[in-house]
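Note that the chains take the letters A, B, C, D and E in the order they are written out, and that residue 1 is the start of every chain.
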Amino acid sequence: STGSGTSTTGASPGAAEPIKVGFITKFPVDFYDTMVDAVKTWNRGHPDVEVLFGQGKSGTDDEGETAQIESMLAKGVKAIAITPTSPNLQNVLQKAVDAGVKVVLVDNDIPGWAGKSSVVATDNLAGGKLAGAWLAERVKPGSTIAVLQGRLGNPSLDDRVTGMLSTLGDGVTVVSKPATDCDQTKGLNAAQDILAAHPGIAAIYGACGPPILGALQAVKSAGKKPGELVLVGFDASPGELKAIAAGEVAASVAQFPAKMGSIGIETAVAAARGQTVQAIIDTGTEMVTKENVAGFQ
Amino acid sequence: MTPALAVRGATKRFGAVLALDGVDLVVFPGEVLALLGDNGAGKSTLIKCISGVHRLDAGSIEMGGAAVTTGSPAAARALGIETVYQDLALFDNLDPAANFYAGREIAGPRWLPRGLRLLRRRDMSRVTGELLTRLQVGIADPHAAVGLMSGGQRQAIAVARAAAFASKVVILDEPTAALGLRESRRVLDLILRLREEGHAVIVVSHAMDHVIEIADRAAVLRRGRKVGEMRPTPDNRQAIVSLIVGGDS
Amino acid sequence: MTVEAGALRRLGSDPLRLALLAIRLGPVLILLLLVVIMSMLSPAFLTMLNLGNVLAQSAVIAVLAIGQLLVILTRGIDLSVGSTLALASVTGALVYSAAPSGPVVVLAMLATGMAVGAINGMGYVLGRLPHPFIITLATLSAARGLALWLSGGQPQQGMPEIVQMMGSGSAGWLPYSAFLVAAVALAVVLLTTRMVWGRWIYAVGGNPEGARRTAIPVDRVVISVYVLSGLAAGIAAIVTSGRLNAGSPTFGDLAELDSIAAVVIGGASFLGGRGGVGNALVGALMIGIIRNGMNLLDVDAFLQPIVIGVVIVMAVESDVVRGRLESRFRITQAARS
Amino acid sequence: MTVEAGALRRLGSDPLRLALLAIRLGPVLILLLLVVIMSMLSPAFLTMLNLGNVLAQSAVIAVLAIGQLLVILTRGIDLSVGSTLALASVTGALVYSAAPSGPVVVLAMLATGMAVGAINGMGYVLGRLPHPFIITLATLSAARGLALWLSGGQPQQGMPEIVQMMGSGSAGWLPYSAFLVAAVALAVVLLTTRMVWGRWIYAVGGNPEGARRTAIPVDRVVISVYVLSGLAAGIAAIVTSGRLNAGSPTFGDLAELDSIAAVVIGGASFLGGRGGVGNALVGALMIGIIRNGMNLLDVDAFLQPIVIGVVIVMAVESDVVRGRLESRFRITQAARS
Amino acid sequence: MTPALAVRGATKRFGAVLALDGVDLVVFPGEVLALLGDNGAGKSTLIKCISGVHRLDAGSIEMGGAAVTTGSPAAARALGIETVYQDLALFDNLDPAANFYAGREIAGPRWLPRGLRLLRRRDMSRVTGELLTRLQVGIADPHAAVGLMSGGQRQAIAVARAAAFASKVVILDEPTAALGLRESRRVLDLILRLREEGHAVIVVSHAMDHVIEIADRAAVLRRGRKVGEMRPTPDNRQAIVSLIVGGDS
């Protein structure tokens, strides 16, 4: 449906005019790189649109994204598609909206902010719930698990933990939930320490991909057999997919960054050209397991 | 007469080195006391203990007959002890005037707390310039940092500073070591003037001529102990030298 | 005194005076060069809108750098400024939700900054720690943790009018935060060049032991610079919180490195005793312009860090080369006169 | 010479010798204290499994800290170590995918580290930059950028057998990486205490101008410590890549702060000229144990940074107090003898 | 005889200060040349230019009749110039032996490159101890860092170092300024011995007695210019002093 929307615009009189839009992502990791690549691919088919790309320094770099937004306004973009680091950006985004620039939020929402034209996102909370429910079926009641959190203070990462805990049920106890900053090394260290203190845990859940890959190394070096301990990640990064295929990681919650990217930019362009766009576009989440992993690789 | 400063049983140890070993010392107002001794005898250590840089391990200090604690340089200064250290303690990044007035800047208005007062930089420059001219030290650029100045220029700044703010006791650790003939002469005159004004002066020096000329009394340290006191006169010269060098060499 | 007097008179001669001025202005010249290059590369750069952006984006680093400058002048280092900023912003947001009064929130943020600064200064001085690196590293960690704990890890939306104004208001294209930076800079210029306390800061940095011997209250001076740096972090928190209309435990990440870099790139000495507010401001603007330029020029995100690194070194290096050429020029010039 | 000789003889007396030994061992004592406290708090701490974990987790910081120590001994600072680690790991992974030979990969990683170090050292020395902060900040940025660009931002899975072994192999509970650290430490102990070059490192740190005047090749010495620090980052990259069986542009984030902290917490002087390999090792272990302890004790994630900050200060402070008590003890002791 | 060292038209400017202004100087093997002048006259600057610490703005330096460039201290040292600086240039963090041998450590084995050789620490300690004993400087703890030592002990270490490694030209900037009587005597003897061994020696000193005793010739600087040369004898003393101080004071 979105594809047809663009072609309609192409035929309208205003479309002869090339349009500038911005696409801002959080920071350089594969998740956002996939998204950016998808936008670039999309852009090749739409030469009438000039896409400016911007990126922050970290998953919580509000100031960096603010600067990006300001620079794009200075360069006269008509719409911005952005993966906002936090709700803190609404102030500067509102300024953009006030200046007549359309804003489309990608990857996560800024709840309660009315200025956005659309949200193209996975619901991280829902993704977490999916993982929690999945885990609840696989670990026995009364067992203990550990959670490798992402970066504290990052709302979407926090949602993944909150969502998971909400559907996990009372039968399972979380014995430890250190923060890992989504860093592979920190995930490995934390997992080693948890295994030393709580050798009996049944599962480790990670709010992002890299720490789970670190945890996998910890499990291996602790001499446990793959599968003896259920590892569940989030993001379904290439590394995780490989490990899932090999049966070392049990599952990961997949989002669809490429889809988010292309739909996000398309929606932004449409909004800038004055078309009405859907307020919420859910790109969905899915549990990737050994059974369906082939479809994701 | 009560001594301006009296040190009793001063003992100071640095690790394995016993730098001072029960040293007694008195100096009276209007008197110049020379503190003599070989290198490493403990002269500078004694001076630093009096000025509050080091703390004595044992012993006591009296000023004007009353026991005092010179626990810090600030305390010593507040008690009226002004010191030129052997290593000068200058601020290499500041100009002569700033060095001169360090810690007692001319500033106002008076109703503000010390630290917040505004510097009277011109006044400070003028006075510093005058005092240095009196010592006949030519300083080419009075606004250059003292870190760039010659050894003698630096020493002159340090000596002039102590002399200008002299109160009860003035201590000078080898004040002429780096000075030229003329500048040395001026510093000796300065010391004599301090004596006339009633200050108690302690001078460390290796220059026997200077000592004989200006000192009323000489105390000799050897390896941390006081080995004698004497009136320095041309006749006594050899005796003092023997005291310094010691019998065993 | 003829030679000296002559030399002094020559100092008054025009080319030499200009040369000396140029030395003082060194980093400023490089900053101007950067501006010229940027405006040639991007037409958007010299627009008022963008200049306003650059000022607003540099404001936080500038304020932090001015505080950091005072610390560095005493041979110290304050690694905690970024975390202090975060803690102050969270405190401000929490206070605001409890007592929605602008002045109270502002005071709470400034007080938080000063409190962390006081812990740094007193911990270092009274604990007789070998180097401020240790205590400020500890507060770098602890203040961030406290901010996370207080906020439950959640950004706290909402800031009072006055904070929002300081952060995102502007008079025409000139953001209010630029005026705030100017006010802070002016106050610290006054402190460092005119006031007794400022003189003592330089004295402590030039010779800490000497300062002690001249009865300068070294301990209090050292404590004060950390408190002032904390205060600067509090002010920076106001600007950040106002800009984003929120308080968040993630604000000010890596700001310690930025602020130190600004001071050093701007030309002050990392070893203490030398430098002034101008250095901090120039350094902060350089960093701000370089980052802004990367964005304007759509430099690939992966390449940005490389370009930033190279530009920083080139900026400082060109100042080094300029200084050398100039001193050669001065010798020739003086020999001729 | 009776007084001096006497004093020297007294130095031989037992309590005094013990006291002097204790001073040298100061930070080690604090480390032991930490171990005792931890093992009382957590039964898991003193298990072989966990001790092996602590060693493996501290190995990277330890190696980086040993390199950083050499830099700090010359009054320098190397901010780039973490980024260099990342770049070396990515280079290793890319080389491995092109030429799957263990030795070639190892050499590529070490050479990458040394190359960044050489850029730091030569940039600083030949560029006559005022402080190494600037160039190493630039490479902190640029090396990370290069790693991102080379890897396309993607972690690269797969490392040769030998790298994996260095990172995650072990002899019983003793990880091979601990042996690697020991080997690096031994080599640097040899350098710093026995070799001419090491003596020159201390001389440059004690008095750079004096070193120049005594014809010590100051420039080459300074360059060498950055190259060695880069080499250490390359070795650390091997350990990290081996532990995770991957090369990634995100490895080594903030490792610069950790490595400097280890050196300073371990008791070496941030101002150059004083300290040894022991300090770096002790500091790295302290950091490793504190972090490990947080996890073992399941300290709340929000509170962890606070606890870490407090423990760091307490550890250093207790060493300060110990030093003071001891010097008082020595005075009493000596006065009695 | 060709001079061991000849300086021609040495000129050096620091910003607005003209520290050296066309100074000519020669010194022959087996000669002690005293370099005299008021504080700030330019003595140390001249010495630093010869030793490669500063670069001359104009002028040239010859050794053994051939023009040389002493562009760095290392180059000067390689040419056979050994210097004791007024600020001593010691390593405060190292012990006396390490200071003594800084830059030319005794180390082996010989087939290794310099930097990689292993230090012969015991040899270095022994030799250092012997030399310092000869100067009669008592150093309590020979393994303490020199930063903790007394002013005279520090100076003795610096002087002994230069004397031990003397090759063609030995330059001493106020070598006895901080030394006691006995230690000064030893240093003067040392200088005389250096002369006997055929070294060319340049000594800066403010102590006229010392100059008259040991120097074969005295060159006087005033405000960066050489204002005269003279044979220092007791009879000439007044004339030299006048030269130093200058007519205008």
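We take it that contacts are C-beta pairs under 8 Å (C-beta built on N, C-alpha and C of every residue); 3 or more make two chains touch, one makes a residue touch a chain.
These numbers come from a predicted model, not from an experiment.
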Open item on the list: Taking each chain's centre as the mean of its CA atoms, which one is most distant from chain C?
Closed with: E
- [ ] Name the chain whose C-alpha centroid is most distant from the C-alpha centroid of chain B.
- [x] A
- [ ] Quick one: report the Å distance separating chain B from chain D, using the average Cα coordinate of each chain.
- [x] 45
Task: Computed distance of Cα centres, chain E from chain D, in Å - done: 41
Task: Inter-chain centre distance, chain A versus chain C - centres from mean C-alpha coordinates, in Å - done: 35
Open item on the list: Taking the mean of the C-alpha atoms as each chain's centre, how many Å separate chain A from chain B?
Closed with: 72
Open item on the list: Give me the residue numbers in chain B that touch at least two other chains, ranges are fine.
Closed with: 15-17, 138-141, 223
Open item on the list: If I count partner chains per residue in chain A, which residues reach a count of at least 2?
Closed with: 28, 152
TODO: Check each residue of chain D and list the ones that touch at least two other chains.
DONE: 3-4, 7-8, 11, 148, 152-153, 301-302, 304
Open item on the list: Under the definition above, what is the set of chain A residues touching chain D in their complex?
Closed with: 28-30, 33, 149, 152, 175-179, 181, 183-185, 188-190, 192-197, 210, 213-214, 217, 220-222, 237-239, 242
- [ ] Under the touch definition given earlier, write down the residues of chain E that touch chain B in their complex.
- [x] 14-17, 37-41, 44, 86-87, 136-141, 144, 148-153, 155-156, 174, 177-184, 206-208, 223, 241, 244-245, 249
- [ ] Using the touch definition up top, name the residues of chain B that touch chain C in the complex.
- [x] 51, 53, 72-74, 77-78, 83, 85, 89-94, 98, 102-105, 107, 114-119, 138-141
Open item on the list: Under the definition above, what is the set of chain D residues touching chain E in their complex?
Closed with: 1, 3-4, 7-8, 11, 194-197, 199-200, 202-203, 205-207, 209-217, 273-274
TODO: Flag every residue of chain C that touches chain A in the complex, lowest number first.
DONE: 44, 47, 49-50, 53, 56-57, 60, 148, 151, 153-155, 157, 164, 168, 240, 243-246, 248-251, 253-254, 291-292, 295-296, 298, 300-302, 304
